[in-house]
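The next part holds the structures, each set out as structure tokens.
Next come two complexes, and both contain chain A; in the first it sits with chain B, in the second with chain C.
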Partner chain A sequence: MTPALIALRAIVLREALRFVRQRGRFIAALVRPLVWLIVFAAGFRAALGLSITPPYQTYTTYETYIVPGLCGMIVLFNGMQSSLSLVYDREMGSMRLLLTSPLPRWWLLVCRLIASTSISILQVYSFLAIAAIYGITLPWQGYLYVLPALAIAGVMLGALGLALSSLIKQLENFAGVMNFVIFPMFFLSSALYPLWKMAESSELLHDICAVNPFTHAVELIRFALYAQFNAMALVWTCLAGVILLALALWGYDPARGLVRRKG
Partner chain B sequence: MTGLHVEKLSYRYGAKQALKQVSFGVSPGQFCALLGPNGAGKSTLFSLLTRLFTTPDGQITIAGHDLRREPRKALAKIGVVFQQSTLDLDLTVHRNLTYFAALHGLSGREAAKRIDAALDRLNMSERRHERARDLNGGHRRRTEIARCLIHDPAVLLLDEPTVGLDAATRRAITDHVHDLSENDGLTVLWATHLADEVRDTDQLVVLHHGEILANNSCAALRGNQALADFFLDLTGAEA
Partner chain C sequence: MTFKTCLRPILSATAISILALPALSEEIWVTNEKDDTISVIDVATLEVTRTIPTGERPRGITFSKDYSRVYICASDSDTVQVMDPETGKILHDLPSGEDPEQFVLHPNDRHLYIANEDDAVTTVVDTETRKVIAQINVGIEPEGMAVSPDGKIAITTSETTNMAHWIDTETRELFANTLVDSRPRHAEFAAGGSELWVSSEIGGTVTVFDVETQAEKGKIRFEVKGVHPDRVQPVGFEFTEDEKTVFIALGPSNHVAVVNAETLEVEKYILVGRRVWHMDFNTDKSLLFTTNGVSGDVTVIDVAKREPLKSIKVGRFPWGAALRP
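On to the complex of A and B.
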């Protein structure tokens, strides 16, 4: 095995071990979307009527509609949690250990991304399994097709987290990220309501949702879950991913001196 | 050129000049104590030496590799112990070392062999399966020193490695690292603000307000004075 792959394996394994140890985090990651699915969806079902739009071929209930959005939510939250742990690692010093490795820095950061994405995928499948038990099943191919979609969405949202973590000076500032990044991203997307529904109330909000990369990540997941392909969503998600990754790598460039802030 | 060489290194945080034209060299197998009061610029220097961040002003050469032009070759040659512990407290000693070995591209039997040797070297073998959290401060430090030896570095950088340890443990760690330079030929840069960790045969570099005030063997510098007095005189006069 090459040194780069040895490091990748170790970083993924460390992240996985950390995840297994923090059982609370796993449960929280599952409870959050399940609350939406079981409690909120029940309430909204009566209020929201959904027409038949692709990828759906028949009338769908609201619960069914929001499942892909909740998968996206898991990936989004996990991506942010992982970047939170990066800020924590930086304060605790273990980030230094990572960055003094003789492997290229971009590769080390990509390893972290792959690690956090793997955890997200694990969480999404657990969620889909519970949703299936609850009665929301998908075409069997969907469970397969969603894997690459989750990987792409995971890398894009992880890169967002990575980019943010390079901008945040201290752990305390992370609450601001929660308010100003995660919530707007989640609510201004197609995760909870279809875009045409949004357009009925406000064109502006609709336009914001339409450019939100999270919307495209959710749509990519939604189509994949029904064994369909949404090229537009793929292009947007990849494009956003590349830009965010470039931003993150720039943020961690040693010439910029990110780590110096915490001497 | 081997060992460690720093040439006209400057660094500033915004308006504050942290290092001013710092130049010194440490020969192979030499133990060099970098003595400086808090805020002298020691940690900045260490961050530059480990390429946590870079500066366009000055040059760093580690075991013959220019850190700017060949960063990966240079980084492969240094072993670092940071001031703050960087152990994963929930992992065992062995797992911590395996993780580090992997970051340096080592795995399998080769990694296991080197980890065993490093733990042996620091008398930590019997604690390999203990969680880092359950170790006392001295043993945690020893684990970190063992860890920084795994990839067979030529230069060891230790940033105040004895902070927060009791006197006996401090002595033991200091002795261990002196051994590494004397017996194993490692070049050591040991930052500290405690004069009693420095031996007469050590090279002594005094850093104060980002500038080098003295650089010679400790015995030659202090003369008949106690090192602590010499240090206070030197830095007090300049303060």
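On to the complex of A and C.
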């Protein structure tokens, strides 16, 4: 095994172990979207059906509409969680240990991304299984097609987490990230409401939602869940992923980045 | 986007062809009340292939036995139009009485029994001589029409009198009148002609009668979760091939109820478009097509899975549906 693969294995295993040992985290990661699905969506049930918007071919209930958005929510929160644990690692010193490894730093960061994305995917599949038991089923192909979509969305949102963690100096600042990044990203997207609904209340809101990379990540997942492909969403998500990853790598570059400036 | 748009029909067509392999060139003809047109849906592709102009406010639609003619109730033109389905040309009009809304073709393939909503009569027209052969006084605002499989009994339901009127097709006279719940709109014979089913739109029920005695055998009530009971208004319904299951359109509740025809219990509610009126199956009865008046589309239901597959945009206010194999 090459050193690069050893590092990958070690980092993924560490994240996986951390995830498995922290049962509370796994349950919390599932409870959050389930509360949205069962409690929040119940209030907006839309028993008379939501208007048809692609990829749906017929009328849907709100509960069905919200599922891909909640998958996106899991990936988004997981990206942030991994950003939080990076900041924690930095405070505890284990981050320094990792970064002193002779392997290129970008590889170490990519390993972190792969680790956090794999965990997101596990969480999403667990959520989809519970949603299926609850009665929201998808075409069987959707469960396969969503895998690459989740991987792409996971890398993009994980890169966002990495970029943010390079900016956050202390653990306490994480609450600020929640307020200024996660919530606006989640609410200003197509996760909860279709974009035409946003346009009804405000064109500006609609435009903000339309450029939000999280919207495209959700749409990529939504189309994939219905065994369809949305090229526009793919391009946007990949583009955002590349930019955020570049930002994260720059942020962690000891010569130029923010890590150095902050000491 | 272009790739997406290219891929979508391929994927959906694949999905649908896996679910049901319909014979080629099957079509569902849908009358659009407000557009004065018929939308022709190709069952294989689930897309509208033709739009044919008709008289004013087309509602009831039915084909002759050999499918060489299609009869259309052009309500506001006060006529029943006879169309050549191949060319879409109107061959001639039939005298129908005023405001024909629904009709039924007698098993003899010759006599049309037409409900004249404004006139409180049922008109019987001979499609060969093109003459009215009888007009039978019924209750106010007749609408639902049915003929028993043996052709001996015709039924008219009157929306305001709230009755099912039983007509002897030989004497062309009423021989019984039975009360049903408010605003009966659709009637069908079932169980080999031994049962008559009548839907009541405002009453929110479907009543089952024993044909022999004209006595009520049972009643179906509906309750759609999250929908106000006032919106649950049963209208059109159709039986599956084995007659064990019946699909009932519930109007502005935007749902179709799946009912066990033996126990009269509702087994499922299927979400369709806005204000679902009537429906028809494809030839092997694997797909059901419902006309959704307000949303202007037709929802395709997978009969075996009891799930909606797709909603197809048609004209404004689609009303009747008929299969052309």
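In this section, the second predicted complex is superposed on the first by the 251 of 263 C-alpha atoms of A that agree within 3 Å, B and C clash if a C-alpha of one lies under 4 Å from a C-alpha of the other, contacts with A are read in each partner's own complex, and residues count from 1 in each chain.
Everything below uses one rule, namely that contacts are C-beta pairs under 8 Å (C-beta built on N, C-alpha and C of every residue); 3 or more make two chains touch, one makes a residue touch a chain.
Keep in mind it's a predicted model, so treat the numbers as computed, not measured.
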Broader residue contact with chain A after superposition on the shared chain, chain B or chain C: B
Partner chain in contact with A:Leu249 - chain B first, chain C second, else both or neither: neither
Which superposed partner A:Ala151 touches (first chain B, second chain C, both, neither): neither
Partner chain in contact with A:Ala10 - chain B first, chain C second, else both or neither: first
Contacts of A:Tyr59 with chain B and chain C, given as first, second, both or neither: second
First (chain B), second (chain C), both or neither touched by A:Ile136: neither
Touching partner for A:Thr2 - first (chain B), second (chain C), both, neither: first
Which of chain B and chain C A:Ala227 touches, first, second, both or neither: second
Touched partner set for A:Thr100, first chain B, second chain C, both or neither: first
Contact residues of chain A, present in both the chain B and the chain C interface: none
Chain B partner contacts - residues on chain A that touch it in the complex: 1-4, 6-7, 9-11, 14, 17-18, 21, 92-94, 96-104, 108, 254-260, 263
Touch list for chain B against partner chain A, complex: 13, 43-44, 47, 50-54, 56, 72-73, 75-76, 78, 80, 82, 84-86, 88, 90-91, 98-100, 102-107
Touching residues on chain A, where the partner in the complex is chain C: 45, 47-49, 52, 54-55, 57-61, 139, 141, 223, 227-232
Interfacial residue positions of chain C with respect to chain A in the complex: 1-4, 7-8, 11-12, 15, 224-227, 231, 253-254, 271-274, 295, 299-300, 308-311
